[in-house]
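Heads up, the next two complexes both have subunit A, just with different partners, subunit B and then subunit C.
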Partner chain A sequence: MGEVTAVGTGWVPLAAAVLLATTAVTATADGALLGRPDRPWAEAARLLRQQRRTTLAADTLLGRGAVLLAPVVALLMVAVVPLGTWTVADLGVGVVWFNALDVVLWAVFWLAGWGANSALALVGAYRFLAQALAYELPLMFALAAPAVAAQSLRLGDVVAAQQGLWFVVWMPAAFAVYCTGVLGFTARGPFAAPVSADVAGGLAAELSGVDRLLLAGGRWLLLVAGAAFGVTAFLGGGGGPLLPGWLWVLVKTVLLSLVLAAVARRLPLWRADRFTEVGWLVLLPVALLQLLVVAVVEVL
Partner chain B sequence: MDVSGALTRLAARRLHVLLVEARGATAVRWAAEAELDRRGWVVAASAADADVVLVCGTPGPALAALADAVLDLLPRPADRAAAATPEEVGTALDGALARWATGGLPRAGRAAGAEDGDGDGDGGSGDGGSDDGGSDDDDGDDGGGMDMSGPGGVPLAGGAEDRDGLEMDVLHVPLGPVLPAWPAGLVLTGTLAGDVVTGAGVDVLPAAGPAPGAVPAAVPVRPPGGALRADLVARVLTLAGRADLAGRARTARGLLLAGDPSAAQRQWVRVGRAVGRSRGLRWSLRDVGALDGVLLAEHRVPAGLAGDVADRLAAALADPLSHPLDAEPLDAGSAGWPGPAPAGWRARLLGLLPGLVTGAELAGVRLVLASLPADLTAVVPEVEQVRHG
Partner chain C sequence: MSVLSGIVFWVLGALAVGTGVAVFRVDSMARASYALAVSFAAVGLALLLVDLEFVGVVTVLMMTMEMAVMAVFMVMFMGMNPALMPMSMTHGTRTPAVLAVGCFLLLGSGSVLVPWPTREGSPAADPTASLGLALMESKMLVMLTVSAVLFATVVAALCLAAARTRYDRFGDDLRSRPVDPIRGGVGR
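And now, the complex of A and B:
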């Protein structure tokens, strides 16, 4: 695979369309795994048909702005991910860009819960922050591992550095921590406490209609964006036999998203207070050790 | 091309139904959950999440009024259905679906100024109800002991020390009775500091009186103990984030009720195995809602309920679905768990609840209530005294 070409911001609508289509395929396939391929479509149709509702003294601007931001953040994430030989923006700090965006999600999810002026929604919002404190730092160090190995923060260089050997092979711990982080910032599976049934849907407790659709759809888009970045950083990006690079990226992204969604379903909710201990005492040291191994290998 | 019609047909495959369970209507809720599973519909987690309110059983006046108020909180289009018996569930849902598809009920508009004049209930074509101030979900208006008016006329929360001695805003948030995986008719009037319950009172909404002319049943109809245990497992697993296993436990419950105990047992064993394998589940439920065996003995509550939520989940799963104990009559006090269960234990357990949930956070409170037998509030004469106690 040769150099990555930045196609420029004029292609953002196409990138958005690709992200939407990939997400649609993923969600449909995930529904099919459960025996109901029409599930995401029925859910979306239901919410499109539904009116928005408002609560008393709601912070409409921040609440609705936040749910609108969820899909936008997903789009900004994939903007630096090379699709074969093309990328929207070939940033020299692509890895940091992605990391900064997943921190923006702290604000997105907290504000979504804050906006409704409802006790349960706010509880859900704070649960997200509590979990984020536990997964974010390990995630940052997990992201550092491929960057150190490639000796660059540019995603094109990270992909090029994996031409001989995918990073997942010799940094599996970083990949595992990264995947944990993706489940964390999409509030999925063990990290679904911010949106779980025990607080009436948590930060989504008061959302209906298009607001709920944007949040639920946004979380799917974020899962796919997280998977796309994971494919780029750990699974060789567009590398693979026969198929063109761009198709490999899409295929791997769909597969990784499906695996993440399926694994998430089979894990129980992890209580935020207990997971913090795991995050800091297990994941963080594991990510740091992995980084050490990568750094030593690079120096030798 | 009829876009709106196509949307409606697609959406109708996955309606979200908010269940309002009257006391003593456990069997109706079970039928409703089974019917929703069969249709691929969903039990709604909150009013905002729901398209239809389904009242299971015959509610008392207080619960009936609450069901109406909750219906008002649903985003439009929305409709209601009522099923007094398990057999009525299917028809009731069909009726609600038909009305929902053609626009559903308009909003009643409880508060003055709630009308925003854009014609609610017109099938989602409006601008989405810009500001109808009637749908306040918080009921914070009795809160905090401060009379300073906050935004929207709702008083600001007062402050108090939480369990760690930190000054926190305190909200008065009633939990229940319209809540999934929650005992029917139970209202926990809690004070919340953040998500920690710092004080709680228990109230049980009165059950419906006997219908005029009906002969009141001397002993309430008792669901099989195995089904009660399966229900407990399904509810705990739902809240613990294992919807897949909860669905399987509901299947086992349905098969048992349909008179196929061997098929039910096969599902039951699979649930038990999966729960046994899941270390994450045990790790998450460990030490939540611990009931002290000595305390239970003191209050003559079945010893089988002792331990934390993980213990109660394991205990409920330990026995085959058709356990010999399940055959004992209700008034002997059996809960479907091993060990003696003196009559009146439900009321005494309800009396212990405030102490049990104080200091727990919301997730813990929900898990505790889900890990108690589903007929906790069902036995009418036994529980009435809690209201006055």
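And now, the complex of A and C:
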């Protein structure tokens, strides 16, 4: 696989189309695993027809702005991910770019809960921040591991460095912590406390119609964007036999998203305050040790 | 600087100043916090124009995170929760306005009137790498001192702010099992 070519911002619509199509395939396949392949489509159609509810003294600007930002963040994340030999922007600091965007999600989820001026939605919003404070640092150090091994923050270099051996093979702990982070920033599975039923849907409690669709769909897009980045950073990007690079990226992305969604469904919900201790006392040292191993291997 | 980057610079500059003003004009803590976040993010993105990619993106990262944490603290520590109600973002208006205008005139006139030295040498090929070298070589002592002081401040602030510290949790004998309303996630 050769050098990565930046195709420029004119191709952003195509990147958005690819992201949407990949997410549609993933969501349909995930529905099929549950015996209802039409479920995401039916839900989207229902929400599109639903009338928007409003609450008293809602902060519409921040609330609606936040849900609109969720899919935009997903698109900006994949803008630096190489699809085979093409990428929208070949940013020299692609890893940090992704990291900055997953921090923007703190704002997205908190503001989505804040906007409705509803107590339960705000409880959900603060649950997200509590979890985020615990998963973000391990995630950052997990992201640093492939960058250290590739000696570059550019995603093209990270892919090139995995031509011999995928990073997941010798940094499995970083990959596991990274996947935990993806479930965290999409508020899924064990990290679904911000949107769980015990607070009537949490930060999404008052969302309806298009707003709800944007947040729910945005969380799917973010899962796929997170998987696409994980494929690039740990699973060799477009590397693979027979098929062209871009197809391998898409296939691996769909598979990783499906595995993440399926694993998330099988895990019990974690209380936000209990996960905090796990994040700081288990995930963070694990990520740091992994980084130490990678750094020592690189120096030797 | 090309025309396009000139336009981008002025748009980002106007956005940074505009949202900076909005911080004091809006009547909600959430809007003020995130207006400030947008202002900082615009500054961070403007740094991309001078090829400081790493510093620019990290500025956006840190400032978004900071404002999110500020949203936690403002609701935690503001008595009677005015943070959740519409409120004025200014305390006293005349003195700060006089001070702000005075400072602006002082610094602004300084930056205009001072004879600036002409550039000697050329910028490094990779500014991020030279920033890293500066932090890790010549300025290492400063960074080490600053990080220790910052860390001590964080720990001290937490000790002062925490409602339950170790003597509340363990009683007099710190080796006993803690009494917590909810046990932590790692089984303690």
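The working rule: the second predicted complex is superposed on the first by the 300 of 300 C-alpha atoms of A that agree within 3 Å, B and C clash if a C-alpha of one lies under 4 Å from a C-alpha of the other, contacts with A are read in each partner's own complex, and residues count from 1 in each chain.
Note that in this section contacts are C-beta pairs under 8 Å (C-beta built on N, C-alpha and C of every residue); 3 or more make two chains touch, one makes a residue touch a chain.
Every value quoted in this text rests on a predicted model; they were computed, and no experiment measured them.
Measured by the number of subunit A residues touched, the leading partner among subunit B and subunit C is B. Within the superposed three-chain model, A:Arg49 lies in touch with subunit B and out of touch with subunit C [touch as defined at top].
When the two complexes are overlaid on their common chain A, residue A:Val210 makes contact with subunit B while staying clear of subunit C. Contacts of A:Arg274 after superposition: both subunit B and subunit C are touched.
Of the two partner chains, both subunit B and subunit C are touched by A:Tyr126. Looking at the shared chain after the overlay, A:Val282 reaches subunit C, while subunit B stays out of its contact range. Common to the subunit B and subunit C interfaces on subunit A are residues 126, 270-271, 273-274.
Note for the complex: subunit C touches subunit A at residues 28, 30-31, 34, 37, 53-54, 57-58, 60-61, 64-65, 67-69, 71-72, 75, 84, 128, 182-186, 188. Taken in their complex, subunit A has these residues touching subunit C: 59, 61-62, 91-93, 96-97, 99-100, 103-104, 106-107, 110-111, 114, 122, 126, 129, 132-133, 136, 153, 270-271, 273-278, 281-282.
Considering their complex, residues 36, 38-39, 41-43, 45-46, 48-57, 117-120, 123, 126-127, 189-190, 192-193, 196-201, 204-210, 212, 265-271, 273-274 of subunit A touch subunit B. Every residue of subunit B that touches subunit A in the complex is listed here, in rising order: 4, 7-8, 10-16, 40, 45-46, 48-49, 51, 73-77, 120, 123-124, 126, 128-133, 135-138, 140, 150-152, 154, 171, 173, 179-181, 192, 194-195, 238-244, 278, 280-281, 283-284, 361-363, 366-367.
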